[in-house]
Amino acid sequence: MSRARASELAPPNAAPRLDLAGLKGEFPIFEAQGPRFHYLDNAATGQICRAAAAALVDFETRARANVKRGVYRLADEATQAFEEARARIAAYLGAREAREVVITSGTTHALNIAAHTLCARLRPGDEILLSLAEHHANIVPWQLAAARVGAVIRAIPLDAEARLDLDRLTDLVSRKTKVIAVTHCSNVTGALTDLGRIREAAQAVGALFVVDGAQRAPHGPLDVQAMGCDLYALSGHKLFGATGAGALWIRAELAEELPPFLGGGEMIRRVTIERTSFAPAPHRFEAGTPPIGPALAMGAAAAWLAGLDWQAIHAHELALTERLLAGLRAIRGVRPIGPEGLQARAPLVSFVVEGVHPHDVCQLLDMRGVCTRGGHHCAQPLHEALGLEASVRASIALYNEAEDVDALLEGLEDVVRRLA
Amino acid sequence: MSRARASELAPPNAAPRLDLAGLKGEFPIFEAQGPRFHYLDNAATGQICRAAAAALVDFETRARANVKRGVYRLADEATQAFEEARARIAAYLGAREAREVVITSGTTHALNIAAHTLCARLRPGDEILLSLAEHHANIVPWQLAAARVGAVIRAIPLDAEARLDLDRLTDLVSRKTKVIAVTHCSNVTGALTDLGRIREAAQAVGALFVVDGAQRAPHGPLDVQAMGCDLYALSGHKLFGATGAGALWIRAELAEELPPFLGGGEMIRRVTIERTSFAPAPHRFEAGTPPIGPALAMGAAAAWLAGLDWQAIHAHELALTERLLAGLRAIRGVRPIGPEGLQARAPLVSFVVEGVHPHDVCQLLDMRGVCTRGGHHCAQPLHEALGLEASVRASIALYNEAEDVDALLEGLEDVVRRLA
Amino acid sequence: MSAELYDRAIVETAKASAEAQRLSAPDVTVEEDNPLCGDRIALDLAMADGRIAAVGHRTRGCLLTRAAAVVLARRAPGADPAELRSAIASLRDLLEGRNGPPAWPELSMFEPVRAVRSRHDCVLLPFRALEEALDRLEER
Amino acid sequence: MSAELYDRAIVETAKASAEAQRLSAPDVTVEEDNPLCGDRIALDLAMADGRIAAVGHRTRGCLLTRAAAVVLARRAPGADPAELRSAIASLRDLLEGRNGPPAWPELSMFEPVRAVRSRHDCVLLPFRALEEALDRLEER
């Protein structure tokens, strides 16, 4: 039986003690959805934590005012809360200063800012280096921006485990390389990128280094300074905040030199019909009324997350991943893709079921309350590189339990029995 | 006394009966903030209505899943709810089809899409016609996009009442004019634009017609078809929804021809590192995870608003505006700007207090729980045209009462006494 | 509902899609994909005397898409464009829960899909291809 | 807090800004604006023997900005750059609620502003201009 085997692999003592029931109690959805709810689609969106929900509801229903300009008490408090949220995100990211954090509507918006503002400085023939493991959010904005300036996009290929093949960096990186933009964690394979090697390659040629942190951010506080990147993007809804907000960290020295992206209120210094001058960063990149409630939720989530025992959570997440991987391998016709082991991976596994379409797998799993995602996960180049059209993904968050994994595995056995 | 005079001007029978207490009860903030809370900053952000708050909280805390791709029940329901929100916005706008509505993060984002996608088709020397009454959100995106293609921006000047001087249209509109983008309602003067005349001018030369509806939308359902515009932008947070969402209506025939703006997930058909093809509208314009909760809130607000008695609300809002205008004129040193009367105006009045800085006015009004906004209101060209640097704005919504206006007027008398 | 969705009828019908053939000399060929999931059908029609003489297809997709393609390929031969258009409309009605029974009885197997909106497009994909093929024939 | 914010001291001090003059031969002139509200100061400094010999300014702004400019213009003459920098720091501390009394007693009138974060920049505007002026003098 797959379950038995998986639990042998994750002995109870491997992880520091984690109060899982308490942790799960911090996420209102589990009470609402009841016990037969096995949410394993965390890479698409995480569930909101109580701290974030409280910040959101409080602001939207009890204390709403627009930010940045009002002087009455409510507006002043809203502005302070918004700046506090910025500071909390900055702290979670290990940023030196709060003003390095731009509030966006999500990772996609953040990466569009990055692509647009960095490409504004490129010349025809300059190169942007991505990877085949990127989410479309870290491909399409670069294509659109590169096309405008005549820059060329290249991509780091994948190795046998579907990781970025960093041995190819020496061929791929040259003086022409002006930007390297890669994911910190693949949303399909869970592979974590060795950012240190890329930073070295970027620094050697003076390229700017952009990291898509959407999938890494929910797995513990970060240290952008140690990473040595120049921009870092993340989404609030994947970080157990609300939908509607995200952030882009831009190294302070760099931010001051970059042109704005969206135009509108709050990002200007002076506007005439002929000409506009722009406010300093981060405001320059925050046009219009920001997603205030969602930003406060993201800040509250980050602050709450920062106080957790990440050693224990990390062990817990990896134990579940091990259980999942072992269980998948034990089912005939099921094939996990991506890294084999637990080294340098987030708790996220995609797989194919021989002869069964991913959507049919997901639909049948849903019968058991198991929520997974089937499709290309907005990563068509990665799937193409693996010779696949689509896959099924199970992604784990801090609140998942062994029962969630087991429900998935039992469901898969049923799928194989019925359809394969 | 200003109050007495103002109430004479608004006889109790002028308006159809409106259950104001009931209406106010639909907005949770008033319970939270208590009686000494006179919120007159509705043009900056409206307060959330119960229907919107319920939709937001329900989704975020009890039923969250990402939209557009998942097949499990929760994801399917989220997608249905999101599409229902789109349909509700479409209905509020009088759009022919739900797919004409693009969900954005706000009016600013919507107008940036509009500017980018329309300017992609322009050639050097082509003209974009704005007006001096525009919010920066309807100026700066056009400047940025026009600069890329070498298009020229012109602006309709203001008449003596600070309305768009439409007699100048004949000089300003020519075969070179490819886009006319104007506000439906000035966020400084409350003046409503005569869209019919502009539509005629646009149609005569085949220009596309964009309307910034941010300030008009909160004052009752719309009919974009009758207006004859091609694109219409609005913000959910001003429409008594949540912060973080807005919408851009694009006429169906037009939407299919336009290039995308932001790149990312959900807006593509096929992505390779070399080349991407895009999904049909509205998805083409919706890159990444949308602000799902805020969009549901906006949809719920629109549906709730659509069921109200707008004849009664309109009369109520205008009676308050009349009371406000009369009261302001009765205070020495206070000068309202913009249209004199109630014709073609939204319930919004800006004014200056001779010799007193707007921020000082607002700060002193805050002592009495009166929330107003001081500054250029993101409309520097309008202020410049009026020879002002800044003004104080009081903006009324359906839930405001005579007491709110009176508290403002009493506070102003005090301001004048102390500082003028 | 997911349980019924994979009842024997759909599973068995879908399996038959493996044997589907393309036509060697079609009058019209349409390739249609589902932009949200990448599933794809190539549909061939051969005409004779204003009716469908033969249908060929290659379908890559989920069980629902494949079962729908198989039903279409079985039922279309012999029908004229008007009959086909009314079959398409009746399938749409079935998914939306409108009107009476579908034009072809086998389409009833898709009734459980009604509740799962995100899968409507799976069932409709072959029929969208058919619609496009009929449009092209008409344009000639 | 708003009430105290407009106590007599601030109002009276601000009024004096109307009489402010620009210098005819400054050693340095800085124009600084508050991007969020458009308020603006033009600040002139004349130096003698490493100390401020005279201060001129034209300030367009709210009462807080104008009162701050007046205090600065009264207190700066005779001070050396180090004293001025510590006055600026003490004003920042006062607004943040840190440390002891401010370097210049008059700065205490801005204590009620502490609670209204959005107005800190109003008080600081003339001092940011001063800081910039000192930076420029040093760069020479």
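The first chain written gets the first letter, and so on, giving A, B, C and D; residue counts start at 1 in each chain.
Please note the rule applied: a contact is a pair of C-beta atoms (placed from the backbone, for glycine too) under 8 Å apart; a residue touches a chain by one contact, two chains touch by 3 or more.
Please read these numbers as outputs of a predicted model, since none were measured by experiment.
Colleague: Going by the stated contact rule, which chains contact subunit B and subunit C alike?
Modeller: A
Colleague: To reach subunit C from subunit A by way of touching chains, what is the minimum number of steps?
Modeller: 1
Colleague: Averaged over CA atoms, how far is the centre of subunit A from the centre of subunit B? Could you give it in whole Å?
Modeller: Whole-Å distance between the two chain centres: 32.
Colleague: From the mean C-alpha coordinate of subunit C to that of subunit D, what's the distance rounded to whole Å?
Modeller: 76
Colleague: What is the distance in Å between the mean C-alpha positions of subunit A and subunit D?
Modeller: Computed value for the inter-centroid distance: 45 Å.
Colleague: Roughly how far is subunit B from subunit D, going centre to centre by Cα mean, in whole Å?
Modeller: The computed centroid separation for subunit B versus subunit D comes out at 38 Å.
Colleague: Quick check: what residues of subunit C touch more than one other chain, meaning two or more?
Modeller: Within subunit C, residues 2, 36-38, 116, 119 contact more than one other chain.
Colleague: Which subunit A residues reach two or more other chains?
Modeller: 69-71, 73, 75, 268, 270, 359, 363, 366, 375, 380 - these are the residues of subunit A that touch more than one other chain.
Colleague: Hey, which residues of subunit C end up touching subunit A in the complex?
Modeller: Going by the criterion above, the answer is residues 2-3, 5-6, 11, 36-39, 60-64, 116, 119, 122.
Colleague: What does subunit D use to touch subunit A in their complex?
Modeller: 2, 33, 35-38, 116-119
Colleague: Inside the complex, what are the residues of subunit B that reach subunit D?
Modeller: Those in contact with subunit D are residues 357-360, 363-364, 366-367, 374-376, 380, 389-390, 418-419.
Colleague: For a test of understanding, state which residues of subunit A touch subunit D in their complex under the given definition.
Modeller: So the residues of subunit A in touch with subunit D come to 68-71, 73, 75-76, 79-80, 83, 268-270, 279-280, 283.
Colleague: Touching residues of subunit A toward subunit B in the complex: what are they?
Modeller: Contact set of subunit A toward subunit B: 28-29, 32-33, 41, 44-45, 47-48, 53, 56-57, 59-66, 69-75, 105-109, 111-112, 115, 130, 132, 135-137, 139-144, 148, 153-155, 235, 237, 242-245, 260, 262-268, 270-276, 287-294, 359, 362-363, 365-366, 370-375, 378, 380-381, 384.
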